[in-house]
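Structures follow.
Same chain, two partners: subunit A is paired with subunit B first, then with subunit C.
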Partner chain A sequence: MPVNDSPQTETSSARSLCWSCRQDTGKGPFCKHCIKIQPVDELGNYFDLFDLGKSFEIDQNNLKKKFFALSRKFHPDYYSSGQDEEQKLARDNTAYLNHALSTLSDPVQRAEYLLSLVSGSYANSPTPPQELFEEILEVGELLESQSLSIDENTRLTHAGESFRQRQNELADSLAELFSQLLGGNDGAKGEIESRLNQIKYLRKTGARIETALMEKDNHE
Partner chain B sequence: MSSENKDTIKGTAIGIDLGTTNSLAAVVRNGRPQALAGEHGVIVPSVILLKEGKLEIGVPAREAMVENSEHTIYSVKRLMGKAASDFDSDRDNLPFEVASDTRGLASVKIDGRIYSPVELSAAILKKVKEQAEKKLGANVDRAVITVPAYFDDAQRQATRDAGKIAGLEVLRTINEPTAASLAYGMDKLDRGIIVVYDLGGGTFDISILRLENGIFEVLSTAGDTRLGGDDFDMEIVNLILNKAEKLGARPDQKSSRMRALLRREAERAKMELSDTDHATITIPVDSVDYKITITRKEFEALLTPWVERTMGLCRRAMDDAKLTTEDINEVILVGGSTRVPFVREKVEKLFRKTPHCDLGPDEAVAMGAAVQADILTGGRDDLLLLDVTPLSLGIEVMGGVMNPLIRRNAKIPAMAKEVFTTYVEGQTSVAVRVYQGERELVADNRSLGSFDLTGIEPQPAGSPRIEVSFVLDADGILRVSALDMKSGKKHDITVRPSYGLNKDEVSQMVRDSFVHARDDIEKRLFIELSQEAKTVINATEKALELISEFKPGEKEDILEAVEELETALGGSNSRELREKLDDLNDATADLAARMVNSNFGEFLKDKSIDDAKKYVN
Partner chain C sequence: MAYSDKVIDHFKNPRNMGSLDKNDDSVGTGIVGAPECGDVMKLQLKINDDNVIEDAKFKTFGCGSAIASSSLATEWVKGKTVDEALEIKNTDIVNELSLPPVKIHCSVLAEDALKAALADYVEKNDKKNLQGADKKERVA
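For the complex of A and B:
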């Protein structure tokens, strides 16, 4: 199982003492005694970092606002004349923050992350979904032909639109499944995994279609 | 949070634009960035004259270029961080002889001596530094140096090294278009989306940023490190040669003096054509002066393919940022080549906005670098730049597939971790091979280096858990580590690009991903299916060893299905592979059902667990 990160679920009491003054840091990202920057990945999961409830549905504008506020606290640019340890923590905290943002702003990554938080693991199957296999191969064949006829070009454009639409529909449908899963219905997990795999293949193939059509535009 | 500039013994921190054609410095005074002029103006041409042990840099070197053509070096930025073999194909288009140093790095050969692009760039930086010190009347010891957004790790590292050699502490290397946006956006815009179109002498970059309350968030970046005004000049030179030939003149192209003269005239014609419909140049061949006229129409026809290439990259950057032209609030032009009216028209047409260049296309980058230097030394904390990495970074997994850990346009600093496992029974080491690029197969991407994690306890294939971590800092320097989660054994390296393994250059790689994207889908499907197929075959074979009772003909059917699947694995047709895999699953379905009810039930689950694993070779 590929794990993209190791979610920390310990509470702040599990955090070691301040690296600088060796006292209890308190719960924030800065030591309450000496105000030095502290490792932020020990403070809980990504939802905690942004002070959000654990849920699939997220207000993206709010997320971005909180991201900017936290960037202003941690960014390495503000620590470039600090001690080595401060510089390292600024880098690690910002990297963690950036990763948290990209995870929570993307429906697929958010779903995978939420699954790993809820059930500890998920099956990230690299196997092409049976439902889409023929369709993907057809698109692959279209993309392979050196010059597209007008008809083929239209088919490709339609396939691209259809892929995008189904991706969005599948992603939207995850919200309901997640509220079931978070509500204690473990049965929803399998369905979420299967839909996620479909979304990933739709996305990957869709990106190929776009690249091909864009390339064609460029030649005209 | 910003630390006080407590260190009073430190000198002034400046911003430097180290350009292919021109370089210059700027500093922030009373909160405003200003370019620092020397006796010849703010610009220091990136031209070096090496004659009789004497070194001249900037305007004097450029002025003496034609008579000293054999001793003059320019456009040295094109060699930064490159292998000599990268220039095998276009050595003739370079204004000097490219040599290889002992490590295979591209260098310049003059008078039988080899100079590295790093030391030559250091000489330019030193000149810029001295000019700044003279103007400021103070010691300058720290700088932010700008690089094309599309520079890879090696090119960035080379730039930092040049800074060090010039006696500067390099506070940061920042991307040129981002720097320009800082200079523009710091007081002109509260919020909005801006596009920076940066076409310089040797490189092209496009960056899209979102500004919000002092935060400059780069949304996407695209570019080409081998596209710029130098190419325009080359096109004009070739046109001049064609026309000269028709007049019966045969300029000696082997003579470096003639080449320098042609280039100077081409550059002059290019500038003239910005204002007029035609330009006339004179070239002396065999003591006859030939007059050659170039029309603006001819010039624009020559430019079209180059400019179209930049348009394609602009579209990709918008696509990556998930934006359309309606979302764009401002378009900023940077780099001397945006003075060409044809370029401006095309940019305006694409974005449907009149582009801005009020800071002067030459000065904006250095001014932005000065603003960043001010931020980094604690001068101001209301502005913050959030930049991205231009190319995806990943490792090779089974089948030669690129498994990206950090994607292009990810915000930096960045980190990523992924868990991998082994593919061979009892495997005791794994090779972690690191690549940069957008293609599906590592063979088509640029190798950044590799290392082995050894001492893994022999275990069945698929059992070890090896965690690979990437940390990319704000300068774009990558650190990779691999951890055997069972033994706690760890290996880590700071990635230094290895040369000569893959001479493809970054921009070529991305261009390739446009062209070749089509042939990868089937390959990838096939590779992914083969992993499943191999797992199923493995599980079936183990099941056959364990089970002794079969229905009539069952075992034979299964064995046949295994054989056919193995044949399909040897081929390359993914549809056939899928069919044969389904056949085998059908043939074993009954067996599987019986096993679930028996003690062997656990066994079958392996099938699906193994599907989920990735393999490091």
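For the complex of A and C:
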């Protein structure tokens, strides 16, 4: 570390000093000296925020419990009569917390986030799944036709089920690949990216099928 | 968001929608997708021995802008040589269709599909040229 660094960077935590008492805040969301609210985005990552280990597999109930506990602590209403800085931090922390929850509860977002944490950036340039593309274009033709025969309707329903099932299977398979990646096997990254890519197409197309089937039901 | 009149026109009356035989050596096929929006675009070009694009077809699963972008691309490339078609940039599509910033990726997809189709044609025919010398002589 260069010797001419400013004094703040010499503290053990990455976070700067408490905005209120100018002392080391410790690692929690509140200063350990003056108990004032601190910016949680400086704590590290979303996993740290919820006190979870970096992993693709997350106990969603536990995540929600921790989310509710933290959101009570940061609720802007509690700070409405506080200093401007406290009000601002309550809003910022709440926004950060909401974003953290939505990222970690969704398998695709969680996977992308974890990838970016582990390997710096998320490239998103795997080989395009050509066979899946062909399949999607077939589904697209069914979706475009104004009226579907009973047979076509069944095909569309089956396609929707198949897309959902494959999406879930691929998402489940990510857990094992991530534990390999976190265990130091960098080779797992490409496979994760490729599966993530497929999940995204399956998910979008699946959603479009569902919407179309719902609309067609309503017309009948 | 409001679509421009040109987008609506291409969306309602898509030009060159359909397929060509992808096993035909004179046909180049490009299928590309955008994982973020789930759009998939297939563009096919039938190219004659003078490297002129005789026919173009597309099939797009996506939003109105994606359909319009691919429809416009097929309209533009017909009658062009392979080299001329390679000059087409996504920004040309953006300008022609007045696509808003959030829809620029649709035009990128169309350019990618076009490039992929041309690359597929070139690859197919390079292979053919390597296999038989008579084709090479005819070109020369």
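Basically, the second predicted complex is superposed on the first by the 204 of 220 C-alpha atoms of A that agree within 3 Å, B and C clash if a C-alpha of one lies under 4 Å from a C-alpha of the other, contacts with A are read in each partner's own complex, and residues count from 1 in each chain.
Quick note on the criterion: contacts are C-beta pairs under 8 Å (C-beta built on N, C-alpha and C of every residue); 3 or more make two chains touch, one makes a residue touch a chain.
Since this is a predicted model, take the numbers as computed values, not measurements.
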item: First (subunit B), second (subunit C), both or neither touched by A:D77; value: first
item: Which superposed partner A:F68 touches (first subunit B, second subunit C, both, neither); value: first
item: Touched partner set for A:N168, first subunit B, second subunit C, both or neither; value: neither
item: First, second, both or neither for A:I136, with subunit B first and subunit C second; value: both
item: First (subunit B), second (subunit C), both or neither touched by A:A212; value: first
item: Which superposed partner A:N197 touches (first subunit B, second subunit C, both, neither); value: second
item: Touching partner for A:Y96 - first (subunit B), second (subunit C), both, neither; value: first
item: Touching partner for A:Q23 - first (subunit B), second (subunit C), both, neither; value: neither
item: Contact residues common to both interfaces of subunit A (with subunit B and with subunit C); value: 124, 128, 133, 136-137, 139-140, 143, 205, 208
item: Subunit A residues within the subunit B interface of the complex; value: 1-6, 68, 71-73, 75-82, 91-92, 94-96, 98-99, 101-102, 123-128, 133, 136-137, 139-140, 143-144, 205, 208, 210-212, 214-215, 217-218
item: List of subunit A residues in touch with subunit C within their complex; value: 124, 128-130, 133-134, 136-137, 139-141, 143, 197, 200-201, 203-205, 207-208
item: Subunit A partner contacts - residues on subunit B that touch it in the complex; value: 1-3, 5-7, 171-172, 212-213, 215, 217, 308-309, 311-312, 315-316, 319, 372, 375-378, 381, 384-386, 410-420, 467, 471-474, 513-515, 517-519, 521-522, 525, 528-529, 531-532, 574-575, 578, 608-609, 611-614
item: In the complex, subunit C residues that touch subunit A; value: 31-33, 35-38, 40, 42, 59-61
